[in-house]
Every structure is written in structure tokens, then in C-alpha cells.
Amino acid sequence: MDGFPFSTEVRIRFAETDAQGIAHHASFVVWLEVARVAFLERYAGGYQAIRERGIEALTTEVSLRYHRAASFDERLTVWTRCVDMRGARFTYEYAITRGDELVADGYTRHATVDAATYRPTRVPDWLADAISRA
Amino acid sequence: MDGFPFSTEVRIRFAETDAQGIAHHASFVVWLEVARVAFLERYAGGYQAIRERGIEALTTEVSLRYHRAASFDERLTVWTRCVDMRGARFTYEYAITRGDELVADGYTRHATVDAATYRPTRVPDWLADAISRA
Amino acid sequence: MDGFPFSTEVRIRFAETDAQGIAHHASFVVWLEVARVAFLERYAGGYQAIRERGIEALTTEVSLRYHRAASFDERLTVWTRCVDMRGARFTYEYAITRGDELVADGYTRHATVDAATYRPTRVPDWLADAISRA
Amino acid sequence: MDGFPFSTEVRIRFAETDAQGIAHHASFVVWLEVARVAFLERYAGGYQAIRERGIEALTTEVSLRYHRAASFDERLTVWTRCVDMRGARFTYEYAITRGDELVADGYTRHATVDAATYRPTRVPDWLADAISRA
């Protein structure tokens, strides 16, 4: 998808559906996280490695627009890019597609904190560099 | 809380925490739904009743800003109001507080559909009237 | 319910349902945990207090039999008792009812560990005493 | 793994962890379902196909023993086999491993019902045949 350097696939689990017969809207929030973990694995050595270097990323904002319902067992593509990294803050943007259809889109904002004190800390250069290569 | 006619309480479950030791950000999305169900019970005879009258409400947008972390077993108050009901669309606004602190705030947008066909259908008058009384 | 000194209520959330239109079977596992937390609050000063005293309880076994389906917005009663506390191990038994109907029953087993080392450690006397009063 | 004809992989999501820093025990119940869906896709044309032929499978029992903790981002293998199919009932057995280690094992029991009436119905021959080929 145009402008998105990275994508990951999710397959809708039965546990992620609800009594409307579709994927529950909170499931999408978890898929964005799955996509960020895959993104960081690809570009920055993995989220676990980041945590081991003393950095945690908190989620400070989630925004999702749902354009089409999605059903059990469907395979969705979560397109992901990291934008606006400055200081201790950065933003991911997402488009979730099923084939050619846009199922949902949105963004999440994050703040890096020191893993010991949970105080805000600048995104370290090695991480900013890694992500800017995406 | 000013401007919010209604609130409901949630208590953070251990299953809703994550390895950062705090409530996972997707848990908040579920609490907004818990609050909507409580809101509709109070003002419109319950969500189940609405479904039995042939109406489903789809979630078309979720937006949440997280201001403070929340921990296992804490009691949070979810302040809720319904705004901007027009045609088949309506919006809820939320403020989640712990005592005097604002933990998160946000909104969700919804569309009413016919429960049989999942085609958009106007919010029925009885439901709009009930909610406008809130 | 006979032989159960304690019960707590859960109300089925929409997010806990699945595309079969009923509460997903994994949701029940979370409700058992909600019931243990309420049980410990009543009899032992709360699970958080136990954690703060350096003890964690790991879940080592879950067993659940589902007798009837349960639906969105229903209120269920989770009857709970703690049995067989010995050394570092203890067992909870549960019956989940809806009015007079038995919806599910089962048990969970747990092991106490030192919160710093995650090594097994005996259930402390103060906790065993508190629970035996149940 | 000996005696298990089939396995599928899961990777532990951050949302599946809890404040003990490990995968929450209820997450395993969802992974068993993911494994069943993959099993049915391999041997019986997929769970969706079964539902479309008018059959639902209810979960009537879950039993899991946890032998080792599992952490965020770890890859686990869920070994799966279907045993004891008779009448409207069947059982799956599971072993969840991480490399050579047994992380958990257990079983689930299920009953087939008519998707329209939710009345028990025999496992259809085409499905029993497909699974017996596993």
C-alpha cells in the first residue's frame, strides 16, 4: 500500500469475534500492537530488545476508524509506518486491509519512558535511527 | 463530573493488566463498552432490548487518550454522555477518572443498522427520545 | 449454594461474547480469577496486599465444565471455596450459576512463589489462617 | 512430538501478558482454539466450512495444566490431536511446547449442535472421516 513500507498479517480468531458475528472492535487495538511488535522486530531488533535496553514505550493515544466489518478466520493486512518521532514521543499510522478493501485505519501515539522509573526519556538515537531507516 | 449526567464503575481485573504492570490500553476500549451498556440500561431499557427490537449499533470509531497509567484492582469511574445523534449516527464521549485524576478520555462513534440486514437505519424515535432525556 | 461460603457476581460483557452469540468459553476463566480476587479481598486483605508482602500465586491448573450457554448481559454468580491448602499449593473450587441453573463448574490449582525470585514458597501462615476462616 | 500428528505455532502477544510479566493463563485457552481452527483447516476444510454446513461445535470442557511460565514474544508450538469422537461428542488433546520444554498440556471436549436449533446432533460422517484421517 502506497506510503506504507511495512505490513504484517493477522488472522481473525474465533475468540476475537462477538455476538454481532464480527470481529469485536477492541480486537483491532490488539492487532495494531501485533503490527508494532513486527515492525520493531524488522527495523529495530525487536521490542523485547528495546525493553532489555531499559526503554518502555507507553501508549498515550489510540484512534481507529472502522470502515467495514471483518469476520472470523479472515486474513487482514495491517500496514504500518512510524511518523513524527521527536523527543520522547512518536506516532504510528495504520491501514488495515482485506484484499483491496480498507477495513479500518487509524493511529497510535506513544511515549518512551525509562523502564526503571517510568519517567519520560528521549527515544534513544539508535532506535530513532533504526526506525528512520524504515 | 461536569457535563456528564452518568457514570459507571469498573474495577481493573488481573487479566486486564500486561507485562508493564499496568492495565493494557485495549482494556479501556472494553470499559467504554461496559459504560455504554450501563448507560443504555439506565436511559433506554437496555442494549439487549434494543437488539430485540431489531436494531444493532456498530462501532465506527474509537478515540482514546491515556493520561495516567492504571493498575490492577483499582476502581475507575467511566463518565459517559451521548451527543450528536442524527440520522443513523451518534457519538459517546467519555472521561475515565480515579478519584480526582483524569486517567483517560475519548469518544466513540456508532451507526445503527437493521439487525437482520446490517443496512444503516435511522436511530428509532423511541431510542433517540430516551437518550435525549439523559 | 451448599458448601460454598462465598460468591461474587459477574455480568457478561459484550466483548466476552463470540460469533456463536454466547459468552466465549475463555471468558469463564477470567471470571474465576475475578472471583478469587473478591474472595481474597473478603478473607485475606486483598490480592494486592498479598503481592505487596512478597508473595505471588501462579495458576498451575484450570479445569472447567460448561453445562449451559450464557449470553450477553446475563448476571452469573460465581460460588468459590478454597480447599486443600498444603505447602506451596492450594485449590479453588467453583460453581457458576444463573438463578437455579448450574452454568459451569470447575477448579483451579495454584502455587505460591516468592515475588522476587519466582521460587516456590510455602503459603504464609497468616494467609493460610485467613483463608481457613472462610 | 510423539503421537501428535499436527502442530501450529503461536507467538505470545503483549496484550496476552499480565502484571506477573508472563502470559496470562486464560490466553492459553484461546491458543487451544487457534490450534483447533488450524487443525480443522488442515483436515476438514476449515471451521468456517463446517459452520456453513449447519454444524456448530460447542466447548463443553477445558482442562489445562501449566508447567512453565511463558513470556511476551516467545514462540510456542501447540501439538493437537482429536480423540474419542463418538455420537455428538469429541475430545482434543494438546501439548504446548517451547523448544524441548513442555509448557502446558490439557484437553478440551466438544459437542456438535445443529447451527439453527443448537440441539445436539451427531458429528456428520464427512467430518468424522476427515478427522480420522489425521
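By written order: A, B, C and D. Residues from 1 in each chain.
The working rule: a residue touches a chain if its C-beta (ideal position, glycine included) is under 8 Å from a C-beta of that chain, and two chains touch if they have at least 3 such contacts.
Please read all numbers here as calculations on a predicted model, not as lab measurements.
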Next on the checklist: Same residues or different residues where subunit A meets subunit B? The copies count as same if more than half of the interface numbers are shared.
Outcome noted: same
Item to check | Pair of chains joined by more contacts [C-beta pairs], C-D or A-D | outcome: C-D
Next on the checklist: Just the number, please: Cα centre separation of subunit A and subunit D in whole Å.
Outcome noted: 28
Item to check | subunit C-subunit D separation of Cα centroids, rounded to whole Å | outcome: 23
Item to check | Multi-chain contact residues (two or more partners), subunit D | outcome: 14-15, 26, 30, 33, 72
Next on the checklist: Help me check something: in the complex, which residues belonging to subunit D touch subunit A?
Outcome noted: 13-15, 30, 33-34, 37, 46-48, 72-73
Next on the checklist: Using the touch definition from the top, list the residues of subunit C that touch subunit D in their complex.
Outcome noted: 20, 25-26, 29-30, 33, 56, 58-66, 69, 118
Checklist entry - For subunit C, which residues count as touching subunit A in their complex? => result 14-15, 17-19, 21-22, 24, 26, 71-72
